[in-house]
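What follows is chain A paired twice: with chain B in the first complex and chain C in the second.
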Partner chain A sequence: MSEALGKEFTLPLGPMHVALEEPMYFKVTVEGERVRHVEITSGHVHRGMEALATKRNLFQNIVLTERVCSLCSNSHPLTYCMAIENLAGIEVPRRAQYLRVLADEIKRVASHLFNVAILAHIIGYKSLFMHVMEVREIMQDVKETVYGNRMDLAANTLGGVKNDVDAQLFGYITRSLQRLEGHMQEIIDIYASNPMLCSRTVGVGVLPKDEAIRYGLVGPVARGSGLAVDVRRDAPYGIYPELSFNVITETGGDVHSRAMVRLREVNESISLIRQIAANLPEGKLTAPLPVIPAGQGCARTEAPRGELFYFIRTDESDIPTRLKWRVPSYMNWDALEVMMKDCAVADVSLIVNSIDPCVSCTER
Partner chain B sequence: MTPTNKSNEIVHDALLQATELATQWTFDVKQNAFGWLRLNNTESLRPAAKALAENGARLCTMTAYVEERGENSNKKAIAYHFALANTVVTVTVPLYTAGCDTPVAVPSITSWFRNADWNEREFHEMFGIDIVDHPNPKRLFLDERLDAGIMSSLIPFSAMVHGAATRNLWEQVMAAKGVDITGSDGSYGLENPHGAPTDISTPPIEEPTFTPVSATAPENGN
Partner chain C sequence: MSDIFSLISQSATGLFHLVVFPGGLFALLFGLVLKGIDRKVEARLQRRVGPPLLQPFYDLVKLASKETIIPETANKTLFMYAPLLGFTGMAVCLALLPVPGVYYGMENMGDMLVFFYLLPLPAIALMVAGSSSSSPFGALGFSREMTLMFAYEVPLLLVILAVAMQVGGEGSAEFSLRKIIEYQREHGSFGFTLSMLPAFVAYLLYLPGTMGVPPFDVAEAETEILEGPLLEYSGGLLAFFQLTSAMKLVIALGFGVVMFFPGTVAGGPLVNIVWFAAKCLLLMLVALTLCKAATARMRIEQALSFYLKYPATLALVSVVLAWVSL
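And now, the complex of A and B:
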């Protein structure tokens, strides 16, 4: 028995696993309890969506891109619309820019809280998992009340937004933020100092800063390794240049650091939503649309998981000849082989969750 | 348009030196810059990638595409998208030459950009574009048994809706009962549904005959 423990074995993990949100398959080579090598196999939810986008017109693709995945469902149509607006030189009205950022930050809060809740679930801290999910329900209720849906908000359209948010709704949003804020400090304190939580997350799944740069990582994964990249600041879009916020970084590069970045970013998002509520200008919701010319355009936004990139090519028809998107999980997933190197087998699912993987987004 | 800030100028000059080609610039309403450079051939890709890497660029992604819409078009190209602060530079490489649409192989740029690995494997399997010197040339999303570029091959709608698998199953059921329904040639090309090309020809359908509709009511009054 002791002789067998010293040998290397290949351990299949996934594609269906209780601790994985979506199908992923890892061939993990283990030596005793330590992971020596990870081979990632993907493609279980590849749906050919980019090909599908070239069969639909520019408006239909707003609906399609919103359905790439649910957690960052607002970021996709937003960035898609921005790529076309950049291509055609469309200037979105200021009120619409505010409302776009509002929808994006509401989604970011819900997405981040979901990820840190799953962290608690994986380590067996069930009461914390239930509590964070219950707190997250505040933002789910906001989405349902303001947009009529808990996940796909249908907020964006070419040249602006589809629906207005009136003063009464903003009053509701503000009261909801007060409720949320009341819980956030307590949750952050628990994640920052709880001995059980820290013992499972500090020093686990370490990604050094130089590796984060080498893999081209983005979002909370990169920021957790001390790499201060954030499209909202680096290549400002929408109304972000007029809003005040901090780019949150941690230096540990581990599971704990990535969770703390997300939790502290929730507070930044709350601040951004408050600024929007206080400064929302009157005005139109959409810009007049020109004929979309033949050409090519790019756009980048900061989705909850990091930089989201869209590229579109058009001819003179209303159907794109090519639509490409690259989500942050694409690179973050690849870098799992660094984070999992020499980790304990029991930590594999915890490390996978720490990149907040979005498999549906990645495989398209 | 010309570059407007120091960062863009550095990228512009580095690419000009590496490729002897000038980058074109566009800007969004927030003055974020977008550089567009089209290389003449794949030979210039490595120098361009090297120049961008040396100036701190990060590879965002790559887009393989067919340049013209249409079933017969096969003029493929790859757009390499790089980010540098508020600048995105797209370097496009055509993969065809005059009179020849068969895509040429492209050199891997993983030496300078580690995250090119997945992108290159993806366009190899989706578009059938070969990569030179890729360190890990395995499938990314699609199973090894599928042909490279299969996603862009034409599958006639009739082939799908005829339900080759269903017909195959039906033939097996009937064969078990000793009934031959496969026709005189013994097959409709359906023994290997994964093989290509699948013969999708269907047996001639006899036109049904109808009683002509009379303009007047029948004499018996029915």
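And now, the complex of A and C:
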């Protein structure tokens, strides 16, 4: 089929592209239906947020970091608050720590389901896309009911959480999880065995384990290549050491493995939320806040896309002199050049989606 | 004197068939309504509300009122005439489309072969459009469309051959659609004939390929190559592509009905037109709408090997069965 276009030519993918959720520009050099070279240009949604953070006080920055990106909108303020708590030595009450994990895992379920739904959309499987998005809607309803918002939960504050979740709400959450779990089994079966889906995803965009280590990959992308990294287990924070969960890995290293990791992690998150509902202690929601001293602090968490790292430097004022964060997509998108090596044009957007790139996080 | 009268009346009926029925007005309205039903049913299958039934009409009206932009680097003549190529091809083809019990097209000539030659025209128009638009997506769409066309034309040819040989009998073939309809009136519809069943299944599988719907929408895959050849089209020219597609839908379905289910019902022509339309609708729902809702897009090489493996083999089985007159 490449006879018609024997010579190489450039295919501009992006910055606006139906298969990309956010602006990102791929200059793809194509020979027939084969990709020979990919050049990634980013920076279309740079908003100068790190500079903005040094113009706002510590509380205003919670609101700012929540707006870095929509899908990991809970991970950013959580890690930001943790960095300040580490800096000032604030002990977060246990109930608040449980509720923080609750918010984070709810967001993780919704984020993972969103990504695997987009996978179905990209390969043109619209019915499956609609089905997964409808299942994800259960989690969106939970967010709206518990926190009042579908995307930005505003759950975190310095030294604790903003709102309590009472027994009645937990009853609702547990019932929703039950509904979700029934659908999840079916969805995992579909993704694991549907021949059309497998023929488009198995063996596509392969990233071997040694390359995953070389590129320093994080999150579900690394775990899809058999690399068991998870900040929740490797550098435990909050109450994760007290909860039991598995670090899901797959060995294929392809688009399919990464999707399966995400789907199976949804089940882990469901189990985590159940454990929280069962063991939630009584107590305060926030710790008393001392004056934040001058100094440097950092924190890292497992965002839906992988390790999220925050660094903060303060003088004695309430405005940070530096706030810096490193997002998982920054580590992962360099590996695209390995995954896309000699792939088919049809698979470019599929591979890009498989690392679940969060462009607005990365460019902020 | 009578010669002139018959000539005038002949060309008048010809014009009628081209512009009013079964071509032109009837086919356009029918095709667009079919598209509307297709979109609505697909949406309901996916638990969406879906567009109103008349959305294809609204789309056309909107497109007609929009500016047509021709890219500076495009080959302007080809770019402008590509949509007309498919449109006129389909318009002529429709004038020959038999509606069993009402109209029999070209009577005793080999009109089945004319269908085989005219049916690929919209695909060729897309290829011309893709290559003249000077967009790399158009070029990719061009190469994909060409590969895909090669893939689905093989089973179509075999299906036609199977039907023609079944009617011709004893090693000969009959390419007149009227004779094919009459043969089935005597011997039963091919859709219910055991030896023709593989060919019918092959035709069902041919339909999504020729109509460019999932899983064979590779040439226009929007998440991969952004509608490919159609990417640079806008306004009236894009509307022509949509009209062509609606007309092609009627032809592809009608051709299938004529080949496999040409049965008529008692009653006037109007009843038979409705009967024909109902059969087309059913064929569309099975072969296009359900298929679209249940599948994911294939890669071009997957589509190619699929067509050469399954539908071609199925049609070949029917050819052999027709040849040995089972």
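One rule holds for everything that comes next: the second predicted complex is superposed on the first by the 360 of 364 C-alpha atoms of A that agree within 3 Å, B and C clash if a C-alpha of one lies under 4 Å from a C-alpha of the other, contacts with A are read in each partner's own complex, and residues count from 1 in each chain.
The rule we apply is simple: a contact is a pair of C-beta atoms (placed from the backbone, for glycine too) under 8 Å apart; a residue touches a chain by one contact, two chains touch by 3 or more.
All values derive from a computational prediction rather than experimental measurement.
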First (chain B), second (chain C), both or neither: which does A:322 touch? first
Requested in this report: State whether A:348 touches chain B only (first), chain C only (second), both chains, or neither.
Outcome: second
- Taking the superposition as given, does A:11 touch the first partner, chain B, the second, chain C, both, or neither? second
With the two complexes superposed on chain A, say which partner A:134 touches: chain B (first), chain C (second), both, or neither.
second
Looking at A:196 after the superposition, I want to know if it touches chain B, chain C, both of them or none. Which is it: first, second, both, neither?
second
Open item on the list: I'd like to know which partner A:124 touches here: chain B for first, chain C for second, both or neither.
Closed with: second
Looking at A:26, would you say it contacts chain B, chain C, both, or neither? Reply first, second, both or neither. neither
Contacts of A:309 with chain B and chain C, given as first, second, both or neither: first
Dual-contact residues of chain A (chain B, chain C) none
Touching chain A in the complex, chain C uses residues 45-48, 136-137, 139-140, 142-144, 146-147, 214-215, 217-218, 221-226, 292-302, 304
In the complex, chain B touches chain A at residues 26, 28-30, 32, 34, 36, 58-61, 63, 65-66, 68-69, 79, 81, 83, 85-88, 90, 113-115, 117-118, 139-143, 151-152
Within the complex, chain B is touched by chain A residues 42-43, 46, 48, 51, 82, 85-86, 89, 91-92, 213-216, 234-237, 241, 296-300, 307, 309, 311, 313, 315, 317, 321-322, 324, 326, 330-331, 334, 363
Per the touch rule above, chain A residues touching chain C in the complex are 1-2, 4-5, 9-12, 17-19, 30, 32-33, 120-128, 130-131, 134, 194, 196-197, 199-200, 344-349
